[in-house]
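Here chain A shows up in two complexes: once beside chain B, once beside chain C.
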Partner chain A sequence: MADVDEDAALRSSQPTANDETELGDEFQDFRFLAALTAKSGGQLPKRGEKDFEPHGTKHQDGILSASRQAMHDALSYTRVHTSKQYNRAFYYGEEGLPRDEVIREDWRQGLDDDHVILVESDKGPHFKTMGKTNTGKRDPGIWLLPEEALYLVERGNLDLWWPSRSSYTSVVPDEDNTDMKEKVDTQDEVDEGFPMSLQAAFSMLIGQDGERGKVSLERYTVYAHLKRMGYAILRASDWDVTQPGKPQSHQVELISEPTSAFSWLFGKFFAEKEIQHSQYGPLVKPGMYRSYNSIYRQIAVIPRHKPNPNPSAPAPIPNDPYRVVFLLWKPSRLPTFAKSNPGLPDFRVAITDARSTCVPSLGQISSLLESTPWAPPKGSEFEGQGKVYQRLKNGWRNVVLAVIDQGVISYLRLGEVAFGDERMYERFDAGGNSGSKRGGGAGRGGRGRGKGRR
Partner chain B sequence: MAQSFESVSEPIPISLVSGRYLLFDVNVVTYLRRTHHICGTLIGSIPQNPQQNIFHGLPMELMPEEAKLLVQKEVAYIVDDLAWHKQRYESMKGEDKQKYLQSLRSAGLKARKATQEQAKKNSEMALSRLATQKAKGKKESPAEGTPEPPDDKLPDTSFHDTSGAQEEDSIFGGEGSSPSRQGTAFASNKPYPVTPTTSYASPSLPQNPSPPPDPCVPLSYSLFAHLHSRGYYIMPGLRFGCNYNVYPGDPLRFHSHFLATSFEWDQEIPMLDLIGGGRLGTAVKKGFLIGGEDTEAETDGEWGDNVRTFCIEWGGM
Partner chain C sequence: MADTTQTAPVVADHKPQTLQNGKPRPPSRFQQLNKLYNLPAPLRTFPLPTFVPHNPLSLFHILYVWLSHTIKRPSSHFDILYQGLFSPETRSVHVTDIRSIRGLWEQGFFGKGTLSRSEPSWLNREKTRRGDKAKTTSEENTRKRRAERQQTKWERARKEREAIDQTLLEEAKHAEVHVEALSHDDVAVPTPIDAGIEGNAERAESAAQQLSVPTKVELVAPIGPLELLALPNALAELDTCTEGHNFDVDCLAEESASHSIDRFHTPPIGPLELLALPNSLQSDINLRENSKHFATPTNHHPTLLPMNLKPLPDAKMNGNGLLTSNAFGINSHAKTDDLEIVGGSETNDDTVDESIHSEETTETNGTPPNGSVLSNGGPSTPKMKRQKSVRFSPTVEKTTFLQSEPPSPERAAIGSSSVEEEPLVIKTQEHLQLMLEEAFFLSYALGAISILNTETNAPISNRDLFYLFRKTSYFPPQTNPSLSPDDPFMMNYVVYHHYRSLGWVVRSGIKFSVDYMLYNRGPVFSHAEFGVVILPSYSDPYWTSDPFLEKYSKEKQQRTWAWMSCINRVITQVKKTLILTYVDVPKPLSAQEEQDLGIDGALARYKVREIVMKRFAANRMRD
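Up next is the complex of A and B:
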């Protein structure tokens, strides 16, 4: 009976979320891609469009070959730059003409080591969240990180070129550099290099974490996946695997403990009492009890974790791969987003490979969580008795862990939770005091269901 | 039905990029899927519709198991893509380079022409529709028509993209989805710039500068090879907490049947794993499959022949 109830509650509570995740779980029929692009559409394929197993009918074979054809057609698209917002870029990474050798120092001031792609122009809305401008030059150029450039190439928004020695002067005209200019002038046609294919871009820009001017495929896959969802993404300070992670500077914050009238009056009295457990015998001493509170306090023998903005015993600094590598801002914040001053991110993402790593240990999770700032559930949406699960779900610190298995990404949200702070039993007494049926019966029923779900 | 698959000649090059196996050629992807039941995982964006995660595009990432199986069957060989590209691009000069640029130029011209023709066709279609609407409007009452004036219909035909993705597109620039609008951007006869997907056409296979070692595969490879040899299609299984997601036919058309987890022959399996896997499998209407290789058993040389599998289902008693 209870089971049936639970299932019904589950199904009714989050039908839309369920549908969405289910869609992503299995490989989609490419015939529906057209529906996405068609102007009437935006309608996603429904579940159950697929068959259970092949039964050898011509009808089924026909549908399958149509699906395969649709997939083939969709994938055989060639990236043609027809747009007004045509951007060309040059690759100055270690594999070709390394940036630090080819480009004069005052043209690459203020850049990170990984900024190896120079963009000719920054037309289009992408550059609101991407790229970095070098300082110390009147005519500054825009430089991209490998994941940014690769994502734009993949999307068909960037034409990446393999530079020749004279390419750079054509991007940034400079009078001082006369000998270069003469060289260019003597040639009939300016040798600008040639375009790189998507395949070449992958081979040059994908590498191991820590290699200069490269990004690992796991990090890139997660980056592109999140980017397609519309997030603005910047690298976190713990990005570089060759550097030790930086501990979070724990800000001092005074937290006023919310105390109910009951615990204020009787808390001290019971707290002293609960320490005295006899070595044998029942946890709850026989006797007369007029409140749940006194009983529950006696049986609470296991110490609970209490989140603290300044942990007394800080966890070690986070280690690869359990460290925050990307900071995310929701699409709704894009209008006011400035890449030089982005503000506090909405999410922090750590990335791990399912095949080469195991389930993280408690120590690794604590380190990862403690490297993120203190973010307790505050505000009206988290207050009151009914918001227990919202509080627990939000946590006191949180981080998103992307687990990637051969290109398939699963996102997990890890939170530091204070179950010990949510004292259910205090409410049992409060319900009894108010003397109504509602307080006891319905209240407890609701909690019971909730417990079963988690 | 007209099939437009280009023939692919074996062996096929698989790109090795920083320890990952990637495919960039759409013909190879289609060929492997049809002929060898290899699905891989698409990890790239679809430039036609880049702001979504339901459909993904090239490149395709292969599991090491898939790469190893193809190499073992002598269907494919591994190419170190970085070394190949470095060598190729550093030696690309003179005539070779002109030829490459020329091929891109002609592709760009072709694309330009196609776009212009499409734009012309679109405007013609819109005009004819306008004409029929006007003719209709004269006969029937005007109230039956759409509330917006017909002029607004005109640009509509050239926008392929007015779906939900358009909001995103206005933020992120949905170029490429509406060719005719931007067709005017290049008024001259200059070819459009083209970014090719692959670095070599499938007939001209790259020489392997330094053959990389065979793919390093996990212990579950024998189970993978066994299931593959029985005609199943196999995808990565982390979403369902297993090694492999096993499909009876092409995942494009069929739901998966089994959640396969590999164990060693003498390995003790915790009861909780069996119950957890069985419950999960039953909940998603799939069978929880365990399998392992008997390394001492004799085989007839066929791969994955000495693998035994069992399926565990939750009895609803």
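Up next is the complex of A and C:
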């Protein structure tokens, strides 16, 4: 609901309000629901002014009751499931009929251990981003992961059933399996199993991280929240907590610039002298300095971080909970999204519990960041002197961290930055010093002063 | 934080001396700033002039400058260093002489004026206060801006109020017409339905029950759950109700509303009247309770009923403070008082007292100096002695809320006379205070300040300063000479030095819930963009080598997510970006080893890593 235009409410009172500030999602004007069902069509209405106290006008009361009525109407709307969209699925988890017992091994090829739900048919738009087809069988079925199935069940898009022994063959008929076929033939009525309640679905599919065929509540909450917002979500390779995290697999080939003999020679010749500091003396020794550059070089004594696509001293492999578990693709990319070949994700999400974990230590955070690909601030929007802030804010690697507290999710974006790469002092010589005399560096007059600000 | 007075225009137009109408244009604000804050650090540089290819003479210029530099080598440091005094009591360094104060502020924005927000501007403010309009300071500008904003808010509140009143009037008129149309109906019984006007018919009904005035036969107390459910929730619903008694109740409410509006209502336009409006529902409830109290005796003493009923509608309407200004509070009070006199002995004193209590605050609010509002207030003065707490006295209101008014004449007289009588000789009572990190950076890294001992007045060497500051950073200061590598001064100084050495202007971020704020060039040029939070990191194997150290380092690193969210929220709200700055603490060294390393060696053992943290709004990142 937060994506309904919030700026309307902000416009008069707070011109300085941050565009990232979300109003509380819990205050809703339900009249917009009425507007949605009205003839005006599907355009989103504006949010109204918020009243803080009754001022006794009938007008206000009218609005209030209209709002109530709209909410009532919205809630009393009858949802209809047409047979066209009806989807049935069977649960082959550990606590029912275990998948590996019922289904032959060669038919399970291409599936993960967690693929425990078999869908009868792939009706509906959801299967564009969900589900996996098993290979090794001529007439394959679609298998779902627990979070995918639960999400669909929760939405009312999927009817989950307990299977019987014969359910699988009835869903995916196979001519090779003659004895099964015979059995089906002999029985007058096929035993289809029986439907599973929503409660049962939750208790079957929600568990601890690392349990087979289950998903933890935290991960499911994040999955469902992002899914409802329209993102395409797939599990990341570091999903399984029982397995150690995989080291970074996206090594970048660096094109090292060939050093010519000329630059080698002159590089040696003009190499900066190793700066010797006296033990306690001022780092900037008294004397004459021609530029601030040389002064600031004197005081650079603390090692600076240099981001590197292939870190020479890699951080330890990411550990629970600071590891990437979901890959996200923006909703705008959905038209071209193919689950078999999704391409590079837009975001990577790690999930942590707000109460049992702390803010990550440097080790944890650098492992987490190093498990994500190298994404330096490149391109026209990051180039130039005025874009220092943008470059720094973007970072060289980034990850989204979902901090979840009892079902409430707070998303944070963490990025690896290198202030060491942005030497602000290099601008001092360009303009600040020469002042009104305007000596050299005419082209750098702006000094990027405040240009980066919104 | 940025002194917005001095915030330069964003577009830097810096072609100087553009001729306009043949006269040289005075330097722009930005040029002035640029000239004033020319040096980014309290050090000078001596660059060689640029070589201009089409002007061969420039070569001679270069040669000349080079030669003169070679013959008489100037020093980048100022000949006389700035001076500061170390104050162990305040754990900061004080700079008292004006040259050092201006120098340190203008060349790198070091320190803060003790009596100012950041730039030491007390003297200027003081001069302005005494009538010498020499220069406006940022503090004054902020004050002016705040006053303007306040005025705008009043204006807006007034407009809103007027709009509401307009609606109320219209609705009341409408209702009157309605009532007239229904005048043949028998609505004889004057049921004191107060709450009806508030659209809370439920309360109206229950009030009616409570009063046990024989209104209508249909009014049966809704006791069962079904009946309660069936009660109308809103006035709008009530309107559509076809049942007779409900309708009557409504009409009555409307009638009394229009009645009272005609009598009392003047739109509260001035700030004073607005102030007198009830601030919250609470005060309104207080008022209502008051009127209820006042109504209850009618139950007990039916003989008093006719007498009591007469002022009832008025008092009831007063209780409904929403559409009336609070002057009615007094009004109702006066009535209560009357009642008390009339009904005298029978009235429970406690109840009345309580009711007065509940009204006290609003009552004092509602005594505006202009008597016109009070015209129908009646005997309000004797009531005043009853008040126990006074929130705003009328005079305070005046000075606080009427900025548009000219200052009081006597004050103006004082101001002008003092100026005329004696020339302004104001002794500076302000000094610049440097954080320990700033002082050490100036002394150790730049060598631009000498810090004196307050007792001996002798300069403290960098070596002594290093240990002195580290000891002082604990509270109480440590006497133990073995200092751990993660003492507060070191952690802060490492980060301070790191960002300063990259050319950022680093200032305290305590007002923004962080450790430091980073400015590009300085607060007079632009707002800070980054807020820095220092987080220690103990990744050296030494810190996990034994259980005690492991526990220690774990505790030092632990930060809750709630803490993090607080900071992130504040920083986002002020439009900054949060930078988590991790400082990797090395393992401790013996005193001898540390001495051998020197300060630069000790600093080089720390590692600084920055992580940028932002809120990720999932619903805004969709495309």
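To be clear about the criterion, the second predicted complex is superposed on the first by the 307 of 454 C-alpha atoms of A that agree within 3 Å, B and C clash if a C-alpha of one lies under 4 Å from a C-alpha of the other, contacts with A are read in each partner's own complex, and residues count from 1 in each chain.
Here is the rule we go by: contacts are C-beta pairs under 8 Å (C-beta built on N, C-alpha and C of every residue); 3 or more make two chains touch, one makes a residue touch a chain.
Please read these numbers as outputs of a predicted model, since none were measured by experiment.
Contacts of A:Asp405 after superposition on the shared chain: both chain B and chain C are touched.
Within the superposed three-chain model, A:Ala300 lies in touch with chain C and out of touch with chain B [touch as defined at top].
When the two structures are aligned on the shared chain, A:Ser65 is found in touch with chain B and with chain C. By the touch criterion stated above, A:Gln85 is placed in contact with chain B alone, chain C being left untouched.
Look at A:Phe428: by the touch rule set out above, it reaches chain C but stays clear of chain B. Once chain A of one complex is fitted onto chain A of the other, the partner contacts of A:Glu53 extend to both chain B and chain C.
Judged by the touch definition given at the top, the superposed model places A:His225 against both chain B and chain C. Shared-chain residue A:Gln199: touches chain B; no touch with chain C. Of the two partner chains, chain C is the only one touched by A:Ser361; chain B is not.
Contacts of chain A with chain B, set against its contacts with chain C after fitting on chain A, overlap at residues 53-54, 60, 62, 64-66, 68, 225, 229-230, 331, 354-355, 403, 405, 410. By the touch rule above, chain A contacts chain C in their complex via residues 2-3, 12, 16, 18, 20-22, 53-62, 64-66, 68, 225-226, 229-231, 277-292, 295-296, 299-305, 330-332, 346-347, 352, 354-355, 357-359, 361-363, 365-366, 369, 388-389, 392-393, 395, 400, 403, 405, 410-420, 422-429, 431-436, 438-440, 445-454.
Chain B meets chain A in the complex at residues 1, 3-5, 15, 17-20, 22, 24, 26, 29-30, 33-34, 39-55, 57-59, 61, 63, 81-82, 84-86, 89-90, 92, 97, 100-101, 104, 107-108, 111-112, 115, 156, 159-165, 168, 171-173, 175-177, 179, 182-183, 185-186, 192-199, 218, 235-239, 248-257.
Across the complex, chain A meets chain B through its residues 23-30, 32-33, 36-42, 44, 50-54, 60, 62-69, 71-86, 88, 95-96, 124-126, 151, 153-157, 159-160, 162, 194-200, 202-204, 206-208, 214, 216-217, 221, 224-225, 228-230, 331, 334, 354-355, 403, 405-408, 410. Across the interface of their complex, chain A is touched by residues 8, 10, 12, 14, 16, 27, 31, 34-35, 37-41, 43, 45-50, 69, 73-77, 156, 164, 167-168, 171, 197-199, 233-237, 239, 280-281, 320, 322-323, 443-447, 461-463, 466, 494, 497-504, 520-521, 525-527, 529-530, 535, 537-539, 557-565, 568, 572-573, 575, 577, 579, 582, 584, 598-600, 603-604, 606-623 of chain C.
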